[in-house]
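Input: one structure, supplied below.
Letters are used for the chains, namely A, B, C and D, taken in the order the chains are written, and counting of residues starts over at 1 for each.
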């Protein structure tokens, strides 16, 4: 059948193939194509090469390893050497491949004609136009040019600045809507230093997050997920086995809150106040740490204004909850408060809380030698925009993925200002709203095609190198800038001594070598950095002290502004500030908590919905999460959106995801939900609004049928108390047949390997990195909204979310979340029903699916208790050049074929072949399926069940009480076991 | 008589009879009483010896066994009326109804199940979750099953009375012209047939299935009353063979095809029985739910039960199927008789392995206790059957108008 | 009806022949329009199927978890229809039931074409129909064989055996009648019948072998008919799916099949006997007896529904209970109640003799029976899949245009074949009517009052 | 056999026809064949009595076919399973319970087909040359009895047949051996 590589894409492959030849020493010279007829020793067909680089999807700056086959990067994985990612990356990181191969990327330079249409022009013509415009502007006077971009790392940002100088301008803005300003401002106020603290969640016993969705988008999600999983693993504290206490203060539960013990539903914007109230409790209980070096009474006075009662009224959080949080925080041996949102006050409150309890320097650490601020302060950005609005700017260059038209606060009126600018040049990969407003569009390299370096934190120097030849005839952004600087700037040309971006980075690293490794040579240092993906050093913690000034001032946390209802915007875990929305994987993977795909929505508590006259009236024949449309009137205009009724949001609050609502960002982002940035004022993510039901209907689609587990043994939980006592939980539906035979068939002997997996549900946060990794590794098709509504999502592994029933709330987790993939049953019910042996068992215990033999009776799926098989209702499609991402090791399935997870059998075979050729035994941990590899929480362990020392068996043995298999009554004998998630009984 | 082969052949298969023998009812009577006596003594002794478990379990086995034969016999007669079968005159009707008198007795003997309930129903000693005790609780169970037994006994009595009445007999003997059987029977026959299916499914679920509460099989009720029906068929075949021998030349049972018809009945329903059994076995084998498989595994694949477990299908299907396939053997009294006796043993064994392993999965209790209790029941059954059999004898006697 | 027929209460051999031969007279415009209409429906179905093959099953309403739905429902429905034919022609033959003679040929014809129709649906249902033959054991260089553990392979064997045997059975019965037709017909028809009748002359030797083979075929067809629908039911019962995994399925499906089959026999034969003027071969008495079979089987499936539900309640298995709860009260619960009305309630009317002997009532009831049995299969197949063991994968199924048109097309295909056969072949067995002429006369006499009333 | 006369007697009922046959039997004339529009039991009993035949041999064809079917099925199912030795769902390689179904179906299939062949063979069908004495009415409403005899016997047999109730007797010279005769 179809092997997935159409002739056409094969030619493309062959064309790009030679590229890989040059990549190791990736000089510009490497642009020439080496045909396969002259085999290149660097490229062995069929054998992947790996290149270390860095991720550019969010400021966390994870290190990456790119898997390259025949010159095409086909998979991204975390860089084990990198202290931030430590080998895992999130779904967004996985999906940046789709940014690289985005079918809507700009192929050639374009110029906007008088009639507003775009016309393709040649590169030299485009650069000429660009440079002429710049020159003209420079002629006109100083500061007639403005540059707004996203930070590209210290070196390239320096280049940008120099280039702008060369044209006599200083109007430079590196723009992030989800910025660092509140954190830096608060740090400045509290500790007199404007750098970002580093959190060590695994050092804490109590974590209270004040609106910081640290498992979704806040700060460095991969790192925090890993730490949090560690924190939630039961460990000996104060002489007993305990579970870390965690509380999440926010109006919406979110997947961060789902993993905590307490969801403290506070009114949006009052998180800071709650933090102060907690501080108040801590202080009054005298839980202030002796050595925190703050004057107890000063703190007392400071916190006095925030007694639990007043705050309780303001925030809607019960008093005893506040007291409980205070007790948790104050009495903990190591606690940390995480501030979130855009309000500096929240950060200050949290910092003080951490400081007075002596956790600064322990769970919250400032490092010496933190890198300089990459993001420009909002007020400076505002001055630039002011200038633009005042017509003091002739040329605006927007570059490097910044999308100010989409993401700037409405009050700034950027879009309007931009209209008055005679010439706007846009330089990026995928055209967005800003590009739509530009006069000249220059296609520049995607991050994975260009040289960069990153400085996410002190001691971490990431090096981003191109991992493949450009997919399109684009150019590196800074090559264009340097060239134009050299052309235009005449005398000041010397200001940029480098030929191109790679030179610039290379030079920067020569200096770095001088600083970090004086005894090494430049070249060795450089090669080593390229091999490792950067240089990683331990950074010294800085001694900081809470300033007394901050205690003198009076905090005014922004309460939710007026309005019968409050709109609370939250960054979508996959779209972040909106840049993820043009990637089909991220659109198709359901948001873990709402389980909604391909859309924007408004979450409402049933009570709120009832007030608006909306009932749950979904057509049960379709997979809808909501259909009624409300109009939400905000100060900045109305929003129309469909309602998703859920108990996971505070009554009176409308929670909406940030990141959708693109008017121009490619086919996948088009026409989905609303862009909340256009409604949110600066410095807050909540808004007082009115809402009314409209007669319109819009289907919110989810692959999730019922959110109710119906007491079946699918995702199980047990209380930490039972774990300590050693009580084995009762399993629903398990037949009790002690003393009578009940095994129908002789068990098969598995000599050799027997593959198995264990998933720790307690660690899983639902981040869906595994799902994205599976899409990338296994060539899984993307079906689109309408087909998902028909139950045709293709994901082999899905993150399932069940909402506990009312009677379970007192004794159970806030949500049941776990990844579910093929369970590789020994008595696989799917196998004997297949008429053609397409589904049968391998000698290594895998439930194999032979695609070429499958005739599509779909009987196997009928008999699968876990419903993890997927059928190709249509032939899957990958709009070019997305097809270049396909993994050549995995068959692309045609229409009418059933497909499923086989523990990434291609990885297993590869490893086995390698072991055989190297004439050795497989090493445990040598084979890692994509999902296990991606998981930042290390929740998934894979291994050989016939190897007594395998990690998987060890993990099961270490967690005997928590180990279970799904749906035991079916007696399918799954080879995937789960470890029960743990919860703390509510008093 | 059968549409498609010459009757001559049947005659060929049947050996000529000796001089007429007078049926010695008295001897049969005394034998029956003796058996009954053995039964009673054994019962007392066993209870004395603290063998209550075995006594009451065997009690249940025998009650179901003989009750089944008696009731299914009546239903057989109903079936004849429903298909308006008149190929052998009134004799088949009389024979089918001959055991019915055991039914009223069964209502009485059912008390034994009540007395021995703690030894029979595990869910009494090991209580089930509340949501299941709604159905499985002592008062309700005995009330409904007792009532069912009583109703069936009364209806059967009514039916048999009507069926032995003159119009019915006249109708059964007038094969040539086309008219309906008497109205009473026209109405009673379907009612009894339908009630039989429902009540005997009920007994199957209550008195057999509930002995292993985790287990269930939706077909079980159907399968059970089909088994009863077959047991009645073999009982009739057996009696027919005996009568043919005893009643002397020219009796109704010497008619060329009557044995053939009984043979076909036994053969057909034996095949139907194995079909229903296989339908259950295959589904459970394939479905692989422990809660279902253990029931079969204990009885068929594990010591000590597997020999007895396999004996039942052998006697109920393998033997009749292979032996009775040919017309000749269907018509040869000795062969048919032997098959029938084996069949009767097979059905008893079947009930035994249905009931007892549920209560002692790992050891096989069989000995004098079981034999005595069974003997007692057999005696009682024969005593109940005697009047009916006498009527058959008179109807089938040479020259009686019962013949064709 | 013709006065000539009205008076004749003693039909002779020749009357039988005349009636049948009249029925075989060349069809008029109305007849051909009807055939053309059926052909049109068939073509429509074919077009939609082609489109589905071209674009993929995505054009249907199928999706996770509704892997099986309308097509398999149609398949089971048509296979079920087939069963009445074999029942009437074989089982009732063995039981020497006299009234079968007039209707069995019609029923058996229905069997053959129903199986022919049913056989299409597994193919229509396949994801890659062009590889359907992989289900068949055939020699190939890699010695790839199907898995005989799969109920679908059993299906293949059962259905193809059934088609072959029932065709053979039908054809064997036809031979003497075709010989009869040969004698009276002319032109190409004569040639056709001459060839098909194999030169049959009805010598005693031929009849001797004929009787034997007919008896044996009947003896084979009887267990076969049980096995076929049992195997079909095992497509479902073998799985672990709540609502499917049930031991009672085999006999219960067989009963249901005969129920629906006899229903369709009535639906077809009531108008047909009028149109073809064979009322005094296929009399009310025959219909009355057919109705009794419908009633009996209706009672059996009612028993099965009852046992199934009771057993779920008896075991208190939470998963099963939820599935059945959804079946009764779920979003598609109304289908279940419609089914109960059609299959359990309405047929009870047949207890009333007046209704059994009124063709109009019988016709209407038979329509309900057909609808009810189609619904039963749909409720069991689509409904159970929709409420499976994994709540996150629940979704109810609604068909799209493709399924509807293809289903309608299958009716067109069936009726077209049937109508052609009914016109060109003796649709009533003359041989057997003559053999049981006494009963025919009885039937005519029995029917006379109703006929007068009409 | 030597050529002779064929007496074609026509009866209106199968009783009379059967009587005719019995009469011939008593007269030790066995070179006849009877025609009927349907398988009349009476005639068939009479003929098999006269010819002293047992039941039709077709049943042996069916039996053989059936057994062949079972054996084929065993070979097919068990054979291919062991050929591949695949573990499907933990079921045994030779899973007998499911295979029983295949055995059953093939038994029916082959038994039925060979039955058909047997029937055609023993009735010597297809045979398009019409047998001596065949009249089309024998397929409709009349029963025929065709006797072959020498001239000198004609009158005796005619009277014999008339007594049995023949309503019409025609004579026909037999050219060749026309009456089909095998078993």
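Everything that follows uses one rule, which is that contacts are C-beta pairs under 8 Å (C-beta built on N, C-alpha and C of every residue); 3 or more make two chains touch, one makes a residue touch a chain.
Worth saying up front: this structure is predicted, and the values here are computed from it rather than measured.
Visitor: What is the identifier of the chain with the smallest separation between its Cα mean and the overall Cα mean?
Guide: Here the chain at the core of the arrangement is C.
Visitor: If you tally contacting C-beta pairs, which pair wins, C-D or A-D?
Guide: Higher C-beta contact count between the two pairs: C-D.
Visitor: CA centre of chain C versus CA centre of chain D: separation in Å?
Guide: Each chain's C-alpha centroid was found; their separation is 31 Å.
Visitor: For chain A and chain D, what's the span in angstrom between their mean Cα positions?
Guide: 83
Visitor: Suppose each chain is reduced to the average of its Cα coordinates; what separation in Å results between chain A and chain B?
Guide: 72
Visitor: How many Å are there between the centre of chain A and the centre of chain C, using C-alpha atoms for each centre?
Guide: 59
Visitor: At least two partner chains per residue is the criterion; list those residues in chain A.
Guide: Each of 745, 827, 829, 832, 834, 837, 840, 969-970 in chain A touches at least two other chains.
Visitor: For chain D, give me the residues that contact two or more of the other chains.
Guide: Chain D, residues with two or more chain partners: 39, 44, 48, 55, 84, 86, 88-89, 91, 95, 98, 101.
Visitor: Show the residues in chain C shared as contacts by 2 or more other chains, in ascending order.
Guide: Residues 147, 149, 153, 211-212, 223, 238-240 of chain C each touch two or more of the other chains.
Visitor: Of all residues in chain C, which touch chain A in the complex?
Guide: That would be residues 55-58, 61-68, 122, 125-129, 131-132, 134-135, 144, 146-147, 149-153, 156, 235, 238-241, 244, 317-319, 322, 330-332, 385, 388-398 of chain C.
Visitor: Which of the residues in chain C end up touching chain B in this complex?
Guide: So the residues of chain C touching chain B come out as 95-97, 211-212, 214-215, 223, 226, 230, 234, 237-240, 245-251, 299, 303-304, 307-308, 310-311, 313-316, 442.
Visitor: Quick check on the complex: what are the chain D residues that touch chain C?
Guide: Interface residues on chain D, with respect to chain C: 33-40, 43-44, 47-48, 53, 55-56, 58-59, 62, 76-77, 80-81, 83-84, 86, 88-89, 91, 95, 98-99, 101-102, 104-106, 108-109, 111-113, 115-116, 118-120, 122-123, 125-131, 134, 136, 138-141, 180-182.
Visitor: For chain B, which residues count as touching chain A in their complex?
Guide: Where chain B meets chain A, its residues are 214, 285-286, 288-291, 293-294, 297-298, 301-302, 361-362.
Visitor: Which residues, counting only chain B, touch chain C once they are in their complex?
Guide: Where chain B meets chain C, its residues are 2-5, 83, 129, 131-132, 135, 178, 194, 197-198, 201, 205, 216-222, 271, 275-276, 279-280, 282-284, 286-289.
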